[in-house]
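Below you'll find the structures, each written out as structure tokens.
Below are two complexes that have subunit A in common, paired first with subunit B and then with subunit C.
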Partner chain A sequence: MKKRIDAAKMDFNILNKTLRAAIDDGYDDIEINNVCGQRFICAGLEKNITVRITGIPGNDLGAFLSAGTIIVNGNVQDGCGNTMNGGRIIVNGNAGDILGHSMKGGEIYVKKNAGYRIGIHMKAYENDFPVVVIGGSCGAFLGEYQAGGMIIVLKIFDNPFVDTFFTGTGMHGGKIFIRGSFKEKNPGKEVRTRVASFEEMAFIKQYVEKFGSFFVVPSNLLDDEFTVIFPYSHRPYGRIYSY
Partner chain B sequence: MNFKNICQFSDDRKVRIPSGCGIAGIFNKHGELLSGEIIVRAIDSMKDRGNGLGSGYAGYGIYQDCRNYWCFHLLYNQATARDQVEQYLKTYFNVKLSEQIPTRKVKSIKNPPVLWRYFLETKEQMPSEKEENLIVSVCMGINHNANDAFVISSGKNMGIFKGVGEPSEIADFYKLEDYKGYLWTGHNRFPTNTVGWWGGAHPFGLLDWSVVHNGEISSYGVNRRYLENFGYYCSLFTDTEVITYLFDLLARRQNLSLDTIGKIIAAPFWIQLENYSDEEKHLLKWLRIIYGPALVNGPFSIIVARSNFMLGINDRVKLRPLVAAEKGSTFFLASEESAICCMEKNPDRTWTPKAGTMTVCFYEKEHYGNSKDCT
Partner chain C sequence: MAIPKIVPDFRVIRDENLCINCQACCRVCSNDTHSFDQNIAKIISDHRKCVGCHFCEEICSTGALTIEKCYSQIRENFNWNEVDFKNLMKQAHSGGILLTGMGNDRPWINYFDHIVLNASQVTNPSIDPLREPMEIKTFIGRKPDSIEQLKKEKKLPILLETEIPVLFSAMSYGSISLNACKSIAAAAWEAKTYWNTGEGGLPESLKKFVSRTIVQVASGRFGVDARYLNEASAIEIKIGQGAKPGIGGHLPGEKVTADISAARKIPEGTDAISPAPHHDIYSIEDLKQLIYALKETVDYKKPVGVKVAAVHNIAPIVSGIVRAGADFVTIDGFRGGTGAAPVVIRNNVGIPIEIAIATVDSRLRQEGIRNHASIIAAGGIRSSADVVKAIALGADAVYIGTATLVALGCHICQKCYTGKCNWGIATQDPYLTRRLNPEIGKRRLTNLLRAWALEIKEMMGGMGINAIESLRGNRDQLRGIGLNDKELALLGIKHAGDAW
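Moving on, here comes the complex of A and B:
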């Protein structure tokens, strides 16, 4: 069942209440138009529904999201997918800073570029495995304190306004895949880089293909070499505190 | 030296609430005048970034009829302080006009201070640099020494309107819709480490500088002591004050380029210097050695405006947000992209500037001085 919500000039908590009421009424394909800066949209959603957003959603879009799909026709701001448990966010534009902050499960696909500290504190647990795929480039501190999960940066779009310094600072789990080479002279102290193995390429294939099903992208991305950024230790500073 | 009574604010000082402020700016580089409403729209859309303990606006080009006079906006906590300050002003200036800043009653704004503005010219003709130095020392004199009186802005053809309240309330209070300017900056405050009081709201001004800031200056103490060597005294109990004075010192008095100032206040890490050419590395090292105490540390995104430009800059590791956009001859800066969207629905270009680098837009010279009304 479809429903349309006009969010023009609507306060964020009224918008979220309207959205939750619509979900309780059994609508499973909800379109929200004229969004401009409302925060926390779809926060804590637990039902397997689709929400389509037109405009610029505010900070923390899909925070604590557990299920469902959010499709954004436009850019998202900071903190999208904050502490997400499951579900999927598809962004047809750019993302701001700290995308996927503390994300524990689910998938985020961003067509173009993303800001600083993407995937900060991301973690995996038992069957939960969070994945972030960025079509363009990411800013500095990518995967900061990352403990699990996977970030894939396809670099289809270049962003002249990004730095890549301190990538993986404090990282102690999970992996970051970057298409092509990674030449940053000052990455985080806790990471190493190498060329992705055949098995790893086979593993990321499903996510890159899914990305290709959402957006129009070159089809031969997987023919290129990918660089893996990985932590050299699961517990790099363990000795400082234990001995 | 007559120190101000800090104790009157001590109760507020015990309150600690973590959050961030919201900032926005709009600048038409051809000098076309825009109503103050436009910046209110942007700041009001980010009202959740603040908590109603401070909001303010700076407008440039708003006093076209008195554009050649220095305009002082004064805040008096006690009406009695006025006589003392006016006498002081009269020793240096001819007062062309002295009037109360027009305000309207807003229910939620209780006990506002007495707000007055003066249009002034110096008694004797002097070179512009000397005149500007005089203005600075008069401002410092009043802020530092006069009881219950604070200079809020002191430039030509510009003014700062600020206070304690939500963004829409403060705009209502000052009748901001009656002003038209080619450059507006606005701020929505969530005081964290310092008090929420009228003088501590943003923007901060000195001469035609105005600064709005989201973040926290952890180098405040060092910066403040450094600035005291040059005759700048911080008396407004808010960290942002040092940024205003740093810009005045470095850009106006020491005539450094904005680019160089960016490298001083948001210097790259020592470890990153290896990535620069030898010449640049040399310059960056020297700047760091000479201007170490002018380095601004801690999370910040700021918008700095002057009569002929507006700029935005982040801390070097991007701990606060800043988005820039362009539409024709208009330049926008804001904490959130949605705030820019409230000013302009379809910008030609939107981008997020690199951390620690300046994004500047200058007045286009051929248009300078012929502001025209387009609203």
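Moving on, here comes the complex of A and C:
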């Protein structure tokens, strides 16, 4: 069942209340138009529905998301997918800072660039495996404290305003894949890099192909070499204490 | 070079006349202090390994063991006391940050011990709680501004209802054992108060107590998902902890067992790192954002609180937190406990809870927003008298952490971070955790709360007060002893001898 919500000049709590009521009424394909900065859209969504957003949603889009698909025709602000543990967010534009903060599961696809601290503190557990795919590039502290899951940066679009430093600072699990070579002068102290293996390329293939199915992007991305950034220890701070 | 050894902290005194060589002490000690020497058919104790937890002393069937402080003394020196001397020696050996457990053990002033309570004499009658009704039920959360507002809105905000203004402090499954968590959760359930999951997630076996559970959202976001938030009675955003304000936490990988990894939703054996800040909160405005993200997630059906450590600017900080929309604010004083913290942080950072409660309460009253949030005081509450004093200084309720563990057997040896707790509390070793029977633990905790409830009622009755509401922020009932003018002004109390 389809429903359309006009969010023009609507306060965030009214919008979310309307959205929750629509979900309770059984609508499973909801379109929200004229979104302009309303925060917390779809926060804590637990039903497997589709929400299509036109405009620019505010911070914490899909925070604590457990299920469903959010498709954004526009850019997203900070904290998109904050502590999400399931579902999927597709952003047809750019993303702000701390995208996928403490993400435990689900997938986020961003067509263009993303801000600072992307995928900070992502973790994984058994079948919960979070994946973030960025079409462009990312700001500093990519994958900070990352404890699990996977971040793929395709570098199709270069972002002249964002410089990458301290990638993987405090990282102690999971992997970051970057298309092409990784020339950062100042990566985190806790990471090592190498060229992605055949098995790893086979693993990321499904996610890159999904990315290609959502957006119009070059189809030969996987022909290029990918660099893997990985932590050398699961216990980066194990040796700073004395007993 | 001659490398100096560190003088042991304790001496194990064994009365050879009483010892029957049963070797129970050898079997129970997780630090391997005692061992049986086949050659001389005698038990030998290595003083260096003893942490002073007194477990062997208490289980020794003949009473042959006594654990004493080791009196090997360095030359007395006011500046170089034994603790600082030993700590320096350990660091010269290891080169690491010294860890410790439990709360600040330094002899800082304890203001609770310098405050006395009032009692009715002649001018107004005292009340006998044994024969007259006394109300200590407490509601935690945002209260309406006025009766008119309540009549207009026709409903109360969502409140937590507790039969006694004493809640169990946040202690995660991981920092303490599942049996300890079970004891606490079951006691909270039975005594109709609340317990707090800490940052350890909610283990499956404790879900039956979920309607008496406050869940924590800390910087690591371990085990946090929409279901966890929706099941709980209330949500607490943890910003800081009294024992280690401003720093994060590391649950070492070796403690992340299969069960703990399931509760925290992280792989086994990986360090569980809680960063020092929440990386989505760098300001009061950001805190407001997380508070409302949580409120939206639970559809405004649960109170959302914020826990902070008592630090220098605590009054304006709490004012900001209340204005950000928190329904309750937990303030943890510098005597608050921990499972692991750097010694230097625990002993030197933060301010006493008594001052923090008083200054926060005064500030919120001045600003006319005291009713917007409840204040839960934590960190160093040892007795029902401390509870009464904390509430009279301005708190709505208190959290007890160390007191809870002491009721379960803890002897405050401060070695929680080693994971070798002989009392089965701060450990995940099944050989040790089964020493703590959750059924007995629950009974001991409900006993403690019952005793405190009786004592609180006695003290209130003596003051001629029959409802805890009338005690809250009622600083006229308090007098200071041996405090200077500045301290009295900050606490908002008069000196003993000053009449109304």
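The criterion applied here is as follows: the second predicted complex is superposed on the first by the 241 of 243 C-alpha atoms of A that agree within 3 Å, B and C clash if a C-alpha of one lies under 4 Å from a C-alpha of the other, contacts with A are read in each partner's own complex, and residues count from 1 in each chain.
Quick note on the criterion: contacts are C-beta pairs under 8 Å (C-beta built on N, C-alpha and C of every residue); 3 or more make two chains touch, one makes a residue touch a chain.
Small disclaimer: the values here were computed from a predicted structure and weren't measured.
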Which superposed partner A:39 touches (first subunit B, second subunit C, both, neither): both
Touching partner for A:101 - first (subunit B), second (subunit C), both, neither: second
First, second, both or neither for A:234, with subunit B first and subunit C second: second
Contacts of A:75 with subunit B and subunit C, given as first, second, both or neither: first
Partner chain(s) touched by A:200 [first = subunit B, second = subunit C, both, neither]: neither
Per-residue contact with subunit A, leading partner among subunit C and subunit B: C
Partner chain(s) touched by A:63 [first = subunit B, second = subunit C, both, neither]: second
Which of subunit B and subunit C A:28 touches, first, second, both or neither: neither
Touching both subunit C and subunit B, counted on subunit A across the two superposed complexes: 12, 39, 59, 78, 117
Subunit B partner contacts - residues on subunit A that touch it in the complex: 12, 36-37, 39, 55-56, 58-59, 75, 77-78, 94, 96-97, 115-117, 139-141, 161-163, 165-166, 185-186
Contact footprint of subunit A on subunit C as seen in their complex: 90-91, 93-99, 219-222, 224-227, 229-230, 250, 252-253, 261-262, 265-267, 269-271, 273, 275, 279-280, 289-290, 292-294, 296-299, 342, 417-418
In the complex, subunit B residues that touch subunit A: 45-46, 48, 269, 271-272, 274-275, 317-318, 321, 336-339, 341-342, 350-355
Subunit C-facing residues of subunit A, complex: 12-13, 16, 20, 39-40, 43-46, 59-60, 63-66, 78-79, 82-83, 85, 98, 101-102, 104, 117, 120-121, 123-125, 128, 144-145, 147-148, 170, 172-173, 234-243
